[in-house]
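Labels A, B, C, D, E, F and G are assigned to the chains in the order they are written; within every chain, residues are numbered from 1.
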Amino acid sequence: MGAIIWIAAIIGVTFNALGSVALLRFPDVYTRLHGATKATTFGSIFTTLAVIVYGFVRWYYDGNPKYVILAVHAIVAVVFVLITNPVSAHAIARAAHRSEIMPVRAVVDELFNDNLAKKRGGTK
Amino acid sequence: MWTYIFTGSGFWNPIWWLASFVIVAIFVYSFFGSEVKAKYSPDKVKPFLSGWDEVNKDAMQVKASNIYWGFTKAMSGYYRFLDRCHTGIINDYVVWFMAVMVITFIAFITA
Amino acid sequence: MFYDIHYVTIVFLIALGIYAVMFQHNLIKIAIGIDILESGANLLLIVLGYRNGGVAPIFTMAPQGKSMVLPTPQALTLTAIVIGLATTALMLSLIVMLYRHYGTLDTREIRRLRG
Amino acid sequence: MKLGVKIAIVLLLFSFLLMGLGFMHKYGVPLKSDMDDYFINHAQKETATNNVVTSIVFDYRGFDTLGEASVLFTAVLGVVMIFREAGKK
Amino acid sequence: MPFILTSIVGFLAYLVLTFPSGSTLGYWSKPEIGFGIAAGVIAAAIGGRLFCYYKNYRMLNPVRWVLFLIYAFGPFFIAMAKANIDVAMRVFTGKINPAIVKISPNLKTDLGITMLANSITLTPGTLTVDIDEDTNELYIHWIYAKELPAKIEDICGTFPEWVRRIAE
Amino acid sequence: MKPMSKIVRTVAASIGWFVFVFGIYVIVHGHLTPGGGFQGGAVMATGVALLIVAYGGWGAERCVGKERLPVFESAGLLTFIILAFGGACLGITFFFNFLANKGGLFGDKLPLGINPGIFNSAGVIPLMNMGVGMEVLAGISLILFAMFYGTKRVREGRCLVDNEEKEEDV
Amino acid sequence: MSWTEHAPILIIAAPLLVSFAIPLLEKIDYRVRNAAAVLSLAFSVWMVLIVLHKIWGSGPVVYVFGAKSAFLPLPSGFKFPVRIMLEIDNMSAFMALSGSIAAMVGVIYSWAFVREEEGGLGKYYSLFLLMAVGMLGMELTGDAFNFFVFLEIASIASFGLIAYRREDPASIEASFKYMIVSTIGAIFVLVAIGFLYGRYDALNMAYIAKHMRIGIVERIAFVLLMVSLAMKAGAVPMHMWVSDAYGRAPAAVTATLVSVSQASLYGLFRVMFSMFGVTMNNHFGGWMLIIFGLLSMFIGVTMAIVQKDIKRLMAYHAISQTGYMLLGVGVGLAVLDNPVALRSYGLAAMTGGIFHIMNHAMYKGLLFLTAGAIFYRLRTFNLNEMGGLARKMKYTTIYFIIGAAAIAGLPPFNGFASKLMIYESVYKFNPLLSVVAMVVSILTLASFVKVFHSAFLGPEISKTRDVREVPKSMVIGMGIMAVICILFGLFPGMVVKYLAGPAAVSLANQTGYISSVIGGGM
């Protein structure tokens, strides 16, 4: 069981580290969001998985209820991280686009075009 | 006993002071109170400004900024220094506070 | 004299907050400086109460045979945090009103009261 | 000149506070812990609370917490008063 | 009905949080259950009006939940892992070709479009930037645009079918 | 502030209740686990903040009710201080824990040392926690509402009766 | 076990309870709300008198929160206090009496002064009571951290109240400036408390005082506490916030704000005398207080002379009068370790300084209230726009004359009595200080002659034509203060014998303060 915990933890930490590297490497806010929020989500899932496994294993061997509390709360935490993280990324991206921060090196920006068309249509 | 206070080198009693004040007042009044008073009449209240019309009453009042003009003029160097200290910028308030604290630190740790 | 990274951090935070309030002319930055100052004071209380190898002073399913850290600073810090929250809330609303009146966030222009 | 004085003030303050903490006890080894040991040893018996911090917050130092709650109340009143609507009670 | 539903859900969540707290009733003690009911009622009083805003209760069907679990642990997780590795490579190579593209997944309900948008956002490489409130069309920031105009399969694979089965 | 996009709104509606449940959990377990009135109240106020952010004014108003909040706040504080007064009337001194170790409501005795925790213990402390939690929830929500509407009012100029800027040459 | 045993806590708890209940009481009627506010503070005054009576009978009163007995500060079998306690000796009770009277007058005055259409009245009264609570708590508590909490309550409530007239940009600005400076001061107080906690693992002031051993940490904590509290009390050169805040708050608030600043002054004295006392270098502390006092007196009054905003002028006078208290008490501290000098003039100087605290709260409160009365009718603070008010506002004029005569130290008003004690005893310590104090007094008289001339004398100008006397509650509020000024002026011996003198003795008696908690000798 120890091996599973270690592997999960290592995967999680690796992806978290990659997320921070992405923050340095990518040029603008949208691409950084890809790395910073989603890679870390994936990393967090695996680190939490390590915690969950650890909790259930210790509960099985020790019988002390505090480990199962740990595991259950970790499950609740990971569920809510999964639900809220993409929403926050979406909210940040939307706010950035509304503050007219355009994506760098973009080949096409259909949202911008559509908004422009809507604005022109509105003024006519 | 309720009215005495002792200051270490003497005492103070407001009742005595009041009593003496009243006595002196009566004394002074009895001497000078019998002088003939001028009769009040509305004409006499009007100021005589060497023939000019009386100006607006608002302008007659000495403005508060002009009272003690001589004093502030005489001490203008001091007041310029004070004005430089009272800048009204919040950062300077904190600078003064911290400066006093640092000076006190130095004074107290070396003392 | 034995310097420890925790103590240096505390003093650094306090000096940083004072620096922000003394040098910055933006009201929001001043508010941030005061918050940093508060964090320094809270960290001081917590650090003073640490005991080597101690666990949180809660008996519910605590680990066996470990000493507990001092509980009083934690209670004091709770109080100090709430006080900091209250101060920050009021400060930010005053900044909003100041901006409404003066149209600027620069302290050098918000000086109607002087002399 | 003025800038130099300001910087000197910050640096002096830093050094004095650092000096004060340098003479504080070593990190992790409290000099005295009478009061806190009392709390740890007696909180369960006197207040029937497992969480010693809560027992301090609400029992031993409950008056502080009352003050703290009033501070929050005060701040709420202040904020609501500052943003009150004009001409409304 | 939304009130009762929210209170029940809140009560269950409270029970999960206080999982092994006693031994009187299975795993829970009596005061915990009492406070759980209170917590559910309070949560419903505050948040109940928004929880089932459209008053449709098709998510109460357990089949949909089973499908949801299959979806979450099956195709979705695989896609996420693949995309993560892909983005990890891109972090090192720096090979990006970003674009904001529009897709029309033809989903009608709010829950469905939200689930799809979140799935898209959670798989790295694609990020929901905005949504058209009327037509439920998604604007997606795509870190490596393979071909333009974009196809739904390129961006989110079979997600829309799964979501339609789960939420509509 | 305009409401945010449909995605944010749907997620806020579907997990908003959990924030409140979790806050209540933190409040009522204050005497057993880390947490307590302030922390739980702050968590619940976060839920209100979520509603304000996601829905703008109307959604949060619909859920919380701005007029009721001052009443809640006062009620929480009065609970707290009246329990403290209860120490003086029913017990011995102000803030005396007159329910602990007496049996009945929150009056169970605790085993000394490390234990799994008994919910029905600690006397007036859980009650005080609830009062403080109520106060903090209402208080922080009021601050959020006041700032939300206040900044709006300030921007639209409804907050102040505008008077001419007086020239002062001090 | 009678209910008067709980009198110490009722001083604080009654206004606190009412202030919590005001959002509910407000829904009934505005009269209920105002009456509850007034009654709770009147109740506080009564409770302070009960406690004072008890202190005269049997020494300092200790009230322990949550203990098995309210009067046993130590847990059985232990030698250190663990719970928060109120510790009330003569000095605390004296300050609480002055503060609670000032707060009560402020609330009575507010009844008519703050008009319903200005809005937010329920919040105003709640904040007012909370400010009073903070002030009373600072003065009564015996616990260092509790002192900090109440300091923050008083400060935050006053921030809100200063910004009450938010149509005026300057009032918001004053509130913000006060807030920044005051918050930094409060944080330094917290840091100092943390230092002391780290050294002694205690928060009770008496316990810390008993175990005080002077080292670098204590010195730094001492300086942090001293400078921060002197700033809160408004000593020059950290006084800039005083003129802003006092000048822009509503008058009723300002009258109480004077007492709130004096609570910080009390904290300063308590720290310097009871906590550090002779174990610290008391010459240094004493001379620091004297220097602060001299600077405050002189700079305050010279700044006041050139002001033309009536409340700002009075605010600078508040700074200047704080200098007298610092001077008197500082002389007492400087000779604290010299019993002969202490008996011959030190105690007299301290008595004068402490007597001046209450006098200042009364006459400066009265003056601010008269300024508020002028503002109520004219809606301006500018002295240039006033004139000829004496004929229109008779009561206000009389009250102003009383207040001005008292602050300038004209016999037979109360200011003279305390100033005389300070002059004569300080003269024995150092004649130069006494001469400066007298010069400052003359300048004070000069600046109030200026105010009297430009506001009340002279012809009635167009702006003051339709002015009437202020409403009844404001007259009553000012009347209470004026009556106290006259009474204290006529019977200073009574005040010195029962209030100020014992307060000075208890302040100088560090051993007594410690033994009331720890019991036994040092």
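Just so we're on the same page, a contact is a pair of C-beta atoms (placed from the backbone, for glycine too) under 8 Å apart; a residue touches a chain by one contact, two chains touch by 3 or more.
Since we're looking at a predicted model, the values are computed, not measured.
Looking at the partners of subunit C and subunit E together, the chains they share are A, F. Ranked by how far their CA centres sit from the centre of subunit B, the chains are topped by E. Contact tally for C-G versus B-C: the pair with more C-beta pairs in contact is C-G.
Chain geometry summary: the mean Cα position of subunit A and that of subunit E are 13 Å apart. With centres taken as mean Cα positions, subunit F sits 20 Å from subunit D. Each chain gets one centre point, the mean of its Cα atoms, and the points for subunit A and subunit D are 35 Å apart. Distance between subunit C and subunit F, defined via averaged C-alpha coordinates, is recorded as 22 Å. Of all residues in subunit F, those touching 2 or more other chains are 5, 7, 11, 18, 32-34, 36, 38, 73, 77, 81, 84, 94-95, 97, 113, 115-117, 143, 146-147, 150-151, 154, 159-161, 168, 170, listed in ascending order. Multi-chain contact residues, meaning those touching two or more other chains, occur in subunit D at positions 6, 9-10, 13, 16-17, 19, 21-24, 30, 33, 35-36, 39, 44, 50-51, 53, 57, 59, 61-68, 70-76, 78-80, 82-87. Along subunit B, residues 86, 88, 90, 94-95, 98-99, 101, 105, 109 each make contact with two or more other chains.
Every pair of chains in contact is given here: A-C, A-E, A-F, B-C, B-D, B-G, C-D, C-F, C-G, D-F, D-G, E-F, F-G. If you check the complex, the residues on subunit A that touch subunit F are 65-66, 80, 83-84, 87, 90-91, 94. Across the interface of their complex, subunit B is touched by residues 18, 21-25, 30, 107-108, 110-115 of subunit C. Subunit G contributes residues 145, 149, 152, 156, 159-160, 163, 166, 169-170, 172-177, 179-180, 183-184, 187, 190-191, 194, 197-198, 201, 203, 243-244, 247-248, 306-307 to its touches with subunit C in the complex. On the side of subunit F, the complex with subunit E involves touching residues 5-7, 9-14, 16-22, 24-25, 28-29, 47, 51, 55, 59, 62-64, 117, 119-120. Subunit B makes touch with subunit G in their complex at residues 1-10, 12-15, 17-18, 57-58, 60-65, 67-68, 71-72, 75, 78-79, 82, 85-86, 88, 90, 92-94, 96-97, 99-101, 104-105, 107-109, 111.
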